[in-house]
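When the chains are written out, they are named A, B, C and D in that same order, and each has its own residue count from 1.
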Amino acid sequence: MSAESLQLFCTFGIFIFMLAAIGVYCMLATYNLIRALIGVELLLKAVTLLIVAVGYITKHNALTQAMVITFIVIEVVVMTVAIGVVLGIRSHTNSLDARDIRNLKG
Amino acid sequence: MYSWFILFPLLSVIILNLPFRGMMNKIAIWYALALSIAQVYLVLFPVNIVMPFLQLNLNADIISRAVLLCIAIVLFVTILSAKYLIKKEDKLFNFVNLLFICLAGMNGVTLVTDIFSLYVFIEITAVASYTLISFYKDKDAFEAAFKYIMLSAMASAMMLAGIALIMLISGDTGFFAIREALKVSPHSSLIVFAIAIFICALFIKGGLMPFHGWLPDAYSAAPAPVSVLLAGVVTKTLGIYGLIRIMVSVIGFDGPLKQALLFIGALSIVVGALAALGQSDFKRMLAYSSISQVGYIIIGLGTGTALGIFGAVFHLFNHAIFKSSLFLNSAAVESRLGTRDMDKMNGLASKMPVTGITSVISCLSAAGLPPLAGFWSKLIIIVALWVSGYRVYAVVAIMASVITLAYFLSLQRRVFFGRIKEDSMNIKEAGIGLTLPAVILTAIIIGVGIAFPFLRDAIKF
Amino acid sequence: MTDKILLLPIIIPLVSGAMVLLFSNRFRRAIEMISLLAASLSLLVSIRLFKENLSFSLPWLGQGLEFSLKLYHFSWFILLAIASFGFLIILYSILFMRNKAYLNQFYSYFLLTISFASGAVLADNLLIMLFFWEGLLLTLFGMIAIGNKNAFKTAIKAFIIVGITDLCMMAGIILTGHLAGTLAISKISLSLNGLGALAFIFLMIGAISKAGSMPFHTWIPDAAIDAPLPFMALVPAAFEKLLGIYFLTRISLDMFQLSPGSWVSVMLMAIGAITIVLAVMMALIQKDYKRLLSYHAISQVGYMILGIGTAVPVGIVGGLFHMINNALYKSGLFLSGGCVEKQTGSTDLRELGGIGTRMPVTFICFIITAVSISGVPPFNGFFSKELVYDGALERGWIFYAAALIGSFFTAASFLKLGHAAFLGKISEKNKGVKEAPFLMLAPMIVVTLLCVIFGLYNQLPLRHLIQPVLGGIRMEGHDFSGFPGNMKLVLATVAVLIAALLNHIWGVKTKGSGLKAVDHIHHAPILSGIYDRAEKRYFDPYDMGLKIADLAAKIAFRCDRAVDWLYDGLAVKVTFAFTRQIRKAHTGSYSAYLAWSLIGAILVAVFLIYST
Amino acid sequence: MNLNIFILIAMIALALWTVMTRSLLRAAIMLAFTSAIISILMFRLNSPIAAVFELSVCTGLVSVLFISTIGLTHPSVKEETFEHMVDRLRKFKFLPFIIIGMGMALGLVAVKINLQLPLAEIETDARTVMWNLRPLDIIGQVIILLSGVFGVIILFKESDKK
């Protein structure tokens, strides 16, 4: 690996990791279900960017773009279903608070 | 020919939703049953149907075929029980369509030879199962589905990050290319990190301790037929088969990885069994026991020997069968009593004899009593552990069998034995849609248990 | 004849047992017919197989193991006995179980028990035998569990005790396989030192606990109360003895060279002697028909273990003969108990009494089987006990003494039982009691007749069934059939029996209840002198015996509770403490679960990175 | 290169804003901006098709999805946000420092990474790769879209109990 591309990858890697960390932190800390889903989105964005960055470094852009397209389709479907579930929860508990969905435990 | 395993369910969904829906509504369920029987047949007696225009990179070895067989059997009983439990025709139709999607996803997972396609099919099955879990739209189901989604999203991210980092050295996502690349390049810490997060993602999907948080909720809150499917094959295919496939075909076994697998497996066995002991919800106890049984599969895999992997796959098969049978029993009890709380049941065996007997046999198979099928797989796993020198883990596995027996006996005592309660004097045996599948599964348990020793030499592994 | 016929005694009951399970209790007739048909078929097969030397094998489980069965001179009669007891007791159960719950389960377990027992006898590979042996554990559990409402607890107790000893046996089998390099029983020949002795002891624990010897006996008396009675007549009274002693003999004679001088032999004899004395003392103080019998079922095992432990031909022959005799009269006794239970609705001796005239056939059968177990000449128990005495005396007077004491208490307790149940004043409740139906009497009568035949013509079983087991070389040309040669021993036995009788009479007299039926013996001119002297000598020992028995019972009880405490108090409590913590940790919050996964992933990653 | 770093910093800043803002609606809009910035990065990383996809689907579709959901649930969301505002501030106050610290720590570690890169591929067009080499993924996309359709049918249809 050339020094230049190594440096590029490290830079990107660090920022991608930071973005993922923000997403995970948001998933863990918030009590709002929609905000938790926004956290998930940030995490998945970070991963998308990682794939593209890897494709750029290894010059396999074609393959990684194909992967990213498939991944984005999956991401959207997952988000749709997740929002459906969140709306379902809201129709039952009348709130979006994560503390209201601790019924199943033990 | 393997592409049919994916394309056929997909085409089925499309055909079923073409304009003639009124007619399709009626035949959908029988069509699904026929499809699952056809899959059993095709797995056992392969026929080479050539695909004219599309070349897909699919392959199946004996592990995949065992899993395909499980999928078909469990799908068959799921459809039977759904036919019995879901009364509304259009709901049933949607259910069957989702089952087809699940089937396509799971068949895909078992057949792919590409790490990214593996991810895609895992995600397909997962999305279908989110919908299936919240099929009845009750509060607990939504809660469970949301937890599943959150942990799954984390798993997706980890898996894809792992794939991306592995691509740094392989440049391709095929199993073969990655294996070659891993052989050539030195194990730098970035690649080890990639492998670690990939494996952990599969742990989440398979519900191993401590990655299991979603599993008891999802199993217990899902509608009864979905629990059968989830516990029987979905998590096993996504997480456990995925793990076996990745370990066997891609990463290979080296020391630390084996240690990690063994430790996680043993932890799941012990903690899962202990947690199951304290449950009073029928399905939740089964869910924790699932975690514990999956632990056995993982320590079998963790030996890294052919015998251990054989034991793991065999236990995966057995687990699919007996756990589906137990979930069917719980559905039978729930359909008659309207509750899953075991403290409110007692002495049901006299009123529901078929359910009682099938559950006893399934429990004993799970606890590993000879000559039932579960005994052989546990025995093989323990022998494999012992032979490979992981004696401590072998002892843990044996000890945990005692706890397994304890919680299953406690289940039997609370639900089926003892004196019947006043208010459940009038209940009857559940309908044929729940007893017939349980009887079929029990027959498989006994048949495999008795026949296995004679067939051991015939199974080429 | 092909060798595959050897599979029949296993397959017929297995398949029919599985079939029965499929019927609901409503189809009672179908269940009964299938069971009876299967039992008679397997009886026919075992008669056909009698005196055939066959072996059969199939590759099994890979790794060069074989599913091998072997029929030879020893298994002949055990197989026959299993099939015939199975048949007789099924015949008996048809009426006895008629109105009980769980009919299909009962018959299914019953047939499966026959199947597994046949399999265990025929198996020529230790692993295969273990396989069937564990199967018996399951049916044992099932059979007890379908009894009354306490039965489940008892079933668990039986399961744990037998399960643990089975684990010992498993260890023994692994060790034996390791030492001998093979698991084929007919190829194993080990000496009794070092690890060999350890393997022997493990296997022996499995065998004698199956036979129900002390200290692995505690579940039997509980099961006697809780489990269905035909189960008691079949399993603890007959099958367990047959299998346990069969296996003990096989390991002592075939697999290990048990010689008279070895310490293992002494240990076996000691276990036998202790079992005889302690169990019979416990039996003496029982107040329930079935419970009393069950303690005798334990005590009689002592004679067999003692006989085989002597390792001299006469003792072994005696032990084996006693095994078959015990199976006969003990199942006869249990069946009589079943008749009493069926007709009066109780087996509590305090509620019984005086039914002898109302149930004459049962009473007569009881008398004959009771005198057989007490060892009164010329019934079968006498001859086998004499042989055991002979062997015991050859090895040490202390063992002989223990056996003799056991004999005394056996006789005393059966006098008490017979007296309390069948004689004396009849209670109001039992005024209308009638004789049991013929179908229940028939098996009992058959067994009783066999007791008489095996006594009077003891050449028949001894020459044809038992002595061939030892083979010509070991027998050294002896023939133990016919009346015992050693008249001193016979006299001693007779003396002990008479002593027991007198003691009983005396005891009843001082307690003041009606004893007209036995009064004339008391006043018989010849016996009264002996009786007078016995009065002084035996009174104290009797009371003391009672006290010792009481103490033994208490100690046994405490030991029982100690195990209970370990099981309930410690293991269960610690486990549940963990369980509670684990449940508490599952708060239901997804972010906690996410955090666990994250931490888990980080730990795995760190571990992997640092160790590669 | 420097431009890349600036865009990356902007990305992190936007992501932080997304997470830390009090209003849910603003969070959703900020998510769209983050997504847009990421698609710019993709352009710069030589992946135009992926970038277009990201821009249209994620920035467009997903944001619309979020915003309409927030609109649907607005009353209770506002209330809830207000109630837990103090709580939220306490939790998210340190996030920027944590993130920056983490980035610096990684910057020190990452220099040690050394890898053997694979040979470059001949195929350069994503569409060719997609259609010729990865038909399985396309089938997978079809299936997952169907699965999404059924999810919508089942989850968004009004509950028949009420």
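Convention: a residue touches a chain if its C-beta (ideal position, glycine included) is under 8 Å from a C-beta of that chain, and two chains touch if they have at least 3 such contacts.
The shown structure was predicted, so the numbers you read here are calculated from the model rather than taken from an experiment.
Judged by contacting C-beta pairs, the busier of the interfaces B-C and B-D is B-C.
The chain with its C-alpha centre at the largest distance from the centre of chain C is D. Of all chains shown, B has the CA centroid lying nearest to the centroid of every protein CA atom.
Chain geometry summary: the mean Cα position of chain B and that of chain C are 44 Å apart. If you average the Cα atoms of chain B and of chain D, the two centres end up 31 Å apart. Rounded to whole angstrom units, the spacing between the C-alpha centres of chain C and chain D is 73. Between the CA-based centres of chain A and chain D the separation comes to 6 Å, rounded to the whole angstrom.
Shown for chain C are the residues in touch with two or more other chains, namely 583, 586, 588, 590, 594, 598.
Among the residues of chain A, those touching two or more other chains are numbered 24, 27, 29, 53, 55, 57-58, 60, 63-64, 67, 70, 74, 77, 81, 84-86, 88, 101, 103-104, 106. Across the assembly, chain B contributes residues 116, 120, 123, 127, 130-131, 134, 137, 146-147, 150, 154, 168, 171-172, 189, 216-217, 278-279 that each touch 2 or more other chains. Pairs of chains meeting the touch criterion are A-B, A-C, A-D, B-C, B-D. Of all residues in chain C, only 583-584, 586-591, 594-595, 598 touch chain A in the complex they form. Those residues of chain A that touch chain C in the complex are listed here as 24, 27-29, 98-99, 101-106. Listed in rising order, the residues of chain B touching chain D in the complex are 6-7, 10, 13-14, 54-58, 94, 97-98, 101, 104-105, 108, 112, 114, 116-117, 120-121, 123-124, 127-128, 130-131, 134-135, 137, 168-172, 181, 184-186, 188-191. By the touch criterion stated above, chain B contacts chain C in their complex at residues 146-147, 150-151, 154-155, 158, 187, 189, 192-193, 195-197, 199-200, 203-204, 210-214, 216-217, 254-257, 259-260, 264, 271, 274-275, 277-279, 349-350, 353, 357, 364, 369-371, 403, 406, 409, 413, 417-419, 446, 452-454, 456-457. Interface residues of chain D facing chain B in the complex, by the touch rule stated above, are 112-121, 134-137, 139-144, 146-148, 150-151, 153-155, 159, 161.
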